[in-house]
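Below: the structure, in structure tokens.
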Amino acid sequence: MSLGPVPYDKTSSQALLADMLRIRRLEEAAAEWYGAGKIRGYLHLYIGEEAVAAGAMPCFHEGDDVVATYREHGHALMRGVPMNAIMAEMFGKALGCSRGRGGSMHLFDAGRRFFGGNAIVGGGLPLAVGLALAAQLQHEARVVACFFGEGAVAEGAFHESMNLAALWKLPVLFCCENNLYAMGTALARSESQTDLCVKAESYQVPALRADGMDVVSVRETTQQALARMRAGGGPAFVEYRTYRFRAHSMFDPELYRDRKEVEAWKERGPIHTFSARLKAEGKLTEEEFLALDARAMAEVAAAVAFADAAPFEPVSELGRDVVAQEEP
Amino acid sequence: MIDFTLPALGADMTEGKLLEWKVKPGDAVRRGQVVAVVDTSKAAVDVEIWQDGTVAQLLVRPGETVPVGTPMARLLAPGELPVARSRVSPAARQRAATLGIALESIAGSGPEGAVTLEDVERTAAAAATPAAAVASVPAGTGVGKVADMRAAIGAAMSRSKREIPHYYLAESVPMRRAQEWLETFNAGRPLPERLLMAVLPIKAVALALRKFPELNGFYRNGAFEAGKGIHVGVAIALRQGGLVAPALHDAADKPLAVIMQELSDLVQRARSASLRSSELADATVTVTNLGDQGVESVFGVIYPPQVALVGLGRVSLRPWAEEGVVRAVPVMQATLSADHRVSDGHRGALFLNEVRERLQHPETL
Amino acid sequence: MKISYREALREALRDALASDPRVFLMGEDVGRYGGSYAVSKGLLEAFGPERVRDTPLSELGFVGAGVGAALGGMRPIVEVMTVNFSLLAMDQIVNGAAALRHMSGGQLHVPLVIRMATGAGRQLAAQHSHSFEGWYAHVPGLRVLAPATIADARGMLEPALACPDPVILFEHVRLYNLEGELGDDPSAWRCDIRSAAMRRAGDAVTIIAYGGGLLRALEAADQLAGEGIEAEVIDLRVLRPLDTPTLLGSVRKTHRAVVVDEGWKSGSLSAEIVARLMEGAFYDLDAPVGRVCSEEVPMPYALPLEEAALPQPGKIVAAVRTLLGKT
Amino acid sequence: MRTDPLYAQVIAVLQAIAPEVEAEDLVPGEPLRRQVDLDSMDWLNFLIGLHRAFQVDIPESDYARLVTLDDVADYLQKKTGSGTTRSG
């Protein structure tokens, strides 16, 4: 796949690279601290897919809503959730962005309109539809970013949500991160129609496709979809073709795919290919790369130190936040 | 688990008042053992139990009056393991603990016989009244007692007259040989070993019944049940009025001396109100002897569910033709009241003849 | 003024839509059709299709949209035709609405009201007649209501909408045509959504019922009164959180309880209530707690079978007699 | 009425059989069984009681002589040879 010139200036370009590096180093640290027993439960890493979150998320405004999945560390980070709060949440600490109630799969930040962290495949889609319905009924211009994997298109929730959003012309951008495997099931083994755009179009939802390994493609395609939506065009669908380099979760022995396939996709890794292009275009030096990487690693190291030092929520607080404190 | 229920100690008994328990939870009991004393309105009766076992729980308290058939106690059958706990509602258990009442002593009226709060409260209230005084008064005293007994006898006899188609037969029995035999028997014996004339006809009746089983037993649920033994109920008048007819068990098998002893014992205990439940419930036939009272004959009312009653009158000298000669001979009227649903006059007559013949050979009695 | 349960619900919806622009009603056939049980009849005309919104047959989708809209600042009222259909949306209710507050560490809350018809008695067989209230009452994060009277049908919606958490409001199908007097003054129906209510006082036994079971419990209580047994009847009203103190208070007085629940016994709300009585009033109980529930069969269609499957006043009377040792 | 100790003893034996009897109601010269309801068993027990109290044998052939309380007292006096009992 040939990549064209990067259409951004040096600063913007380096910012995109820096974001991808921050995600990458965050995920690597998560794996490391999972191994050390500091992070438990399910941990789904985003390594290999960084270009999607890094490219798409900045396209959304502060007032927009974001709904994500259980592989959402990168999305949360790109949405502005502090890395300290993300790492602390994975460590299960009281200073985590969900007070230790959510963990890796349930990162939330109401202030940043980041609505999780949804670990039911497809479960976030109806939610996104409702958020968009609220925006519409309130006559507000905000849109909803709804991230989900290609596995979700097999869920009824996908179809019901596409239909509702199209029927009611709701401003939802359905961001489908197609990493080819629903856990271990390849798309072709679970879908009769493997062209996801066709599925979306069948609901009269305009569909675009992006190279999810290319942060430029992601960003441009997302902008394109959003421009139409913000003009009142109803929902849109973007398929980001991407690949995760790591196993589905820390429990996954990866019996379902060939190492060679993984290696081939790694050749197209979003960080080194983008770095190479920037270097070729004179927008990045090796020193600058190392500096960006060092900064990312420092941020991660600080986040780990913060998370490790942070207290657990006292057990006496176990019952809080189930229902409102005040009796209705 | 065995329920020990209040037995019907006779047809005229519908309820009984527990006077005293002779056992307590944990006691092993043997078949035939007296476990309680119950006032039947006729008498204070020692009630026996007919199963071996271990007392698990006493359900009725002394002083309580309960209908016939009411479970009075629960027993573990031999080999049966005790259940962990008796059925007591939590509230009742709590209340009993507060009041200091032993749960074992409380009869349960709740679901599955559980002791309920109300049972505890009632027991507490009963304990607060001087119930002990009631229990210690011998049965059969006082105006109320006599009236109760009158009512009970009335109920039983009304039922008898209402339900049983009686027929009546009478026969004169020469008693010379019996008298002579008795005089000889008694002559050599100290007073306590002497026999009364009354025991001879009892034995004769018992022996005759062996040949006439249809006069010995019960009519129940539309059918006759032959008695499992010949238990002669002996009508005993109580000094203050009323009567009971406790059983002389297996009278046909016992020597006269034994019958005499038992009769004497029965009379004494009937009058001191300490009969046993089996004595009251078991009689398969009744003999009533009003000869002492000087009457010539008695046509009695059958005591249900029995099917026959033998009445004995006074022994008196009568002109009697024997072998063509008229002599003054001691003669006794023996009568039979019998249930026509079970027997008829022909068999009844043969029976009286048998009694008469038996009394002509007192040495064989 | 005489008013039906259905009308009471409708008037409550009308008040809610009129008084708060954030409120909207959505569900299958709530608009043009007027509601499958005609509860929302006339509201489309009054408030327009934006706020009385017909949805496709997408329970998962539109209930989830309700959750999202609540997150987005609205006060949605979602109607699900029957509790049986709500199973299609249970993911959004249980994994979503109920969990979001806690899962987000208290950052989010879902002020959503879901109304659904429940219960049997209309010969609708095994896919339209069940009582799954207990399943929802199982879930922390939800508040579950069961209006059993005209006043509660009229009054419960307002506090439900004011509640910052998801509320499920069960309308028993046998009650829609129930008629009763209700004054014009809001004081006639204003109520809380946290307490049970004593509907009849008595001292011999406490009959605990809710929703469609309440009338049957009251009928049984009348019958028992004829036998000299005065039953206290408690209407749960709120199935979650249970008003345990009221239940315990009554049982401490009567020492006996029968729970009437149109759900099945196994793993049910009735089981939960019995357990709470054991936990809180064990030493006050004078008999085992009785239960009158639906027989453990999928609800059959034929009338005699349906009636046999359901709690009936006669069964309640019999259960009470058993507790009193009067079998 | 008679007040001698032997007579009193006889009355005591009688009262053991018939507790309802009051001593002052009895006429010593009248037939006893006309005054007190005694059947043959009671009579026998009365005699057994006398036998035990006075340590005398009463042959059946003597029964006919014992009609009134006076008869009984006289009979016993004769048998025991004194006005007092030999046993307590």
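Going in written order, the chains are labelled A, B, C and D, and every chain counts its residues from 1.
Heads up, the rule we're going with is that contacts are C-beta pairs under 8 Å (C-beta built on N, C-alpha and C of every residue); 3 or more make two chains touch, one makes a residue touch a chain.
Keep in mind that what you see is a predicted model, and the values were worked out from it rather than measured.
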| item | value |
| --- | --- |
| B-D compared against A-C, more contacting pairs | A-C |
| Closest chain to the centre of mass proxy, which here is the mean CA position | C |
| Whole-Å gap separating chain B and chain D, where each centre is the average of the chain's CA atoms | 32 |
| Chain A-chain C separation of Cα centroids, rounded to whole Å | 40 |
| Chain C and chain D: spacing of chain centres that average the CA atoms, whole Å | 92 |
| Inter-centroid spacing, chain B versus chain A (mean Cα positions, whole Å) | 97 |
| Where chain B touches two or more other chains, by residue | none |
| Per-residue overlap in chain C, given as positions that touch at least 2 other chains | none |
| Touching residues on chain C, where the partner in the complex is chain B | 255, 282-288, 322-325, 327 |
| Residues of chain C touching chain A in the complex | 24, 50-51, 55-56, 58, 60-74, 76, 91-92, 95-96, 100-109, 140-141, 143, 159-160, 162-165, 192-194 |
| Interface residues, chain A side, partner chain C - complex | 65, 67, 96-102, 106, 108-111, 115-118, 120, 123, 125-135, 137-138, 156-157, 160-161, 163-164, 167, 320-324, 327-328 |
| Of all residues in chain D, those that touch chain B in their complex | 18-20, 37, 39-41, 44-45, 47-48, 51, 57-61 |
| Of all residues in chain B, those that touch chain C in their complex | 89-94, 109-111, 114, 116-118 |
